[in-house]
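Sharing a structure, written as structure tokens. Questions coming.
First chain written, first letter: the chains are A, B and C, and each begins at residue 1.
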Amino acid sequence: MPELRKTPMLDQLLDGPFPSFVKEIKKGAEKNEACNDLLGQLELSYEEKITHWKHGGIVGVTGYGGGVIGRYSDVPEQFPGLTEFHTMRVNQPAGWFYKTDRLRKLLDIWEKRGSGLTNFHGATGDIILLGTHTDELQNVADDLAHEGWDLGGSGSDLRTPSACVGPGRCEWACIDTLDIVDTLTRRYQNELHRPMWPYKFKIKISGCANDGVAAKARADCSIIGTWKDNIQVNRTEVVNYVNGGFDIIGQVVDKCPTKCISYNPVTKSLSIDDNNCVRCHNCINKMPKALRQGKINGATILIGGHAPILQSAFMSWVVVPFMEMKPPYTEISDLLEKIWEWWDENGKMRERTGELIYRLGMRSFLKATGLPAVPQMVLHPRTNPFFFWDKEEVNQ
Amino acid sequence: MPFIDVNGEQLEVDEDGFLQDPEKWNEDVAKYLAKTEQVEELTEEHWKMVNYLHDYFKKYQIAPMVRKLCKDNGMDLKKVYELFPTGPAKGACKIAGLPKPTGCV
Amino acid sequence: MVKTDFGPPKYLDMMSDLCKRNYGKWKYHEVLDTGTLVHVAENGEKLYTVRSATPRLIHIDTLRVFCDLADKYCNGFFRFTSRHSIEFLLEDESNIEPLKADLHAMGYSPGGVGNTISNMLHTQGWIHCHTPAIDASGIVKAVMDEVFDYYTEAKLPARLRLSLACCLNMCGAVHCSDVAIVGIHRVPPKVLDEKVAKMCEIPNVVAACPTRAIRPEPAKKSVVINDEKCMYCGNCYTMCPAIPIFDPKNDGAAIFVGGKVSDARHPAMFSKLAVPYIPNEPPKWPTVVKTVRMLIDVYAKDAKQGERYGEWINRIGWERFFKVTGLPFTDKHIDDYIFSVPTFRSTATFKW
């Protein structure tokens, strides 16, 4: 093993209270040439303030069109260990739950066939295996498959769906986020592994309005749990909160966006005008022992979220205010398939679903999906008189 | 950049084996590249797709989107992967001499 | 034949009996301290969570130590959060302190629960990305070291979500975070004509430009860029390797504030521009670090209990925000992209 690369700049990031990524790379560098060269190349980037990775390569494994991202150093003479340093995306278990014996198998494979460096996790949710050679890609995929780990998505395909912890460890999961994400992921393996669309499509599922996986910000289809009936109030626990010094006026009553909560200090009782409640979740967040969501549960379906660039960032917007989410989740599947069909038929190269809706109008989207227009879709109706009529809507 | 040797001619390819100069593409080059993408022999069905891609690129300077590629060849995606196990982008486009597909990974 | 399309491991196979037994039957939870939660099930069973931020870039040997700890204290079960933190799931309360001691010994501190900064969501940066304008891990390390007290101590008015994206592709939810760092370029890309002719799909390159600054140049089988129209997003480079946009003298970070994804109280909000540009200053990015610290300190001092960053600014107003932070307001802060007009103010009601 050659000597460890000298990295005076990176070494300044070894100390301090937050765990150091440089330490992690150095752990690898002691036994793996690629990690050692990664230290060297990163140090060079720090000196020159520029990346030293070439523009994305295209590599893969048999039968799949995605899941592997090609990476090549632009200074391979200096860092031969990085001549080929490809990324593999591995589909995480729903909710990122791990049992150590299963995970250790994956780690062993990555020790044998890759750099040993990982991301837990990438922004989309996959386990990221950082850095291996072209001729190892198929071996990694085969070994992983043998231990029950499949690759995730990349390119213009269904990206690996992800979900919050949900009913696995949270009382606020209005829907079974884990079962939904697992079911949809298994149902759409072909869409996930074989790019076939104008661009990427992301699905993220959050169990409540706190939106723990940032579904609204990051997913083309955001599925967010909610309920329709009344918030359940435990009067004894309300009193306990107040007696414990909790600022119920400041934290709950005053913060309610629709002012539908009132508190009577004499009787120490809380009352909620449920007809005016928008289920924002603040009061439940603040008093989890005293307040619980209603019992008629389902999800709000929102479409169009994505970050960059062409038409600005979009947050997903409502297309179905309330959908029951019961296995086998046929209704959401039907909707997804209609959306994909319409988008695939009409979308331009690299046009996200939200951008297509923006270009062709919600009117066109609603027609294609058969969804009715409802007031919950908008903040307010349009303020201009410039709208379209179909031929069949006007007198001939 | 690496080179491949096709009938004694040295052709430049990128790290992923995509031909650098589309002008140098011919049937022999396609046959050579096919072997690197797990296609042992180019059958009539292979040629149909390869020629389609090559012509499409010549005409429009872009690779067709996957839906169009399937529709225009009367194949579903499963069939495309049967013919080109490494997929339409990495396999078929490379064999057809197209530049490396880009876009967001 | 290779096995394909079998999907991820079943999540139930990755879950402890206690979690499975109480699946969907959780009653409430409590924050025990900034590193520890307890979830109580309908039947009274308790599950303790010890959370610790990781640097996201983790070597397998570190993951193996996590596995060892989970075997020792958690019957072999743990999970990760969507923000790169690890959560050990304990059934025995008496294991909490020994686990924390072991974590401390390996350089990991529990934290990030409740009104704290949880871990900083981030991207690959110079470690593994081909389009970054800034590094990711280095800035995250430097920033988190500086604001570590806000991670271990609950002294913020509400939770604070920090994030970083190393280019305008914005992998990670920087556009909806309380405080976010985004890598930006400031000069148009260079067109390498000969390479464009060979390597790029010209109609796609032209279409990739949001401001229509790119047009074909048929004579050279290349493209030309109208520098006046270019706002340096790098979308064309994503489509075509022969249009490099990097410029070490000009690339750097912008800072956005006030975004959130939760609908609690106020609906989700986009982050808004606070600082248009800070140059890259490896290895410790002192100006970025100092600015983030200041932005958080001011909020911590001025906001009311329960107010997220954006809610605080909404209450005090942007003119006050720029006053209390001392940040200069510039022409860069006024939107001139696609949906600008609704961001202009049409009222004479200000604060001075």
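Following the convention adopted for this analysis, a contact is a pair of C-beta atoms (placed from the backbone, for glycine too) under 8 Å apart; a residue touches a chain by one contact, two chains touch by 3 or more.
Please read all numbers here as calculations on a predicted model, not as lab measurements.
Should one ask which of A-C and A-B has more C-beta pairs in contact, the pair is A-C. Here A is the chain whose Cα centre lies closest to the centre of all protein Cα atoms. Centre-to-centre separation of subunit B and subunit C, using mean CA positions: 38 Å. The centroid of the Cα atoms in subunit A and the matching centroid in subunit C are 13 Å apart.
Put simply, the C-alpha centre of subunit A and that of subunit B have 33 angstrom between them. Shown for subunit A are the residues that touch two or more other chains, namely 54-56, 62-64, 190, 349-350. Looking at subunit C, one finds that residues 169, 204, 239, 241 touch two or more other chains. The residues of subunit B that reach two or more other chains are 62, 100-104, listed in rising order. The touching residues of subunit B, when paired with subunit C in their complex, are 20-22, 60-63, 99-104. Of all residues in subunit B, only 14-16, 18, 38, 62, 65-67, 70, 77-78, 81, 85-90, 100-105 touch subunit A in the complex they form.
Only residues 54-60, 62-65, 69-70, 72, 84, 154-156, 190, 194-200, 344-345, 349-350 of subunit A touch subunit B when the two sit together in their complex.
Residues 169, 198-204, 238-241 of subunit C touch subunit B in their complex.
Interface residues of subunit C, counted against subunit A in their complex, comprise 2-11, 13-15, 19, 23-24, 26-30, 39, 47, 49, 53-64, 67, 70-71, 76-82, 84, 86, 89, 107-109, 121, 123-132, 135, 137-138, 140-142, 144-145, 148, 151, 165, 168-176, 204, 207-208, 210, 233, 235, 237, 239, 241, 246, 248, 251, 261-268, 270, 280, 282-284, 304-306, 337-339.
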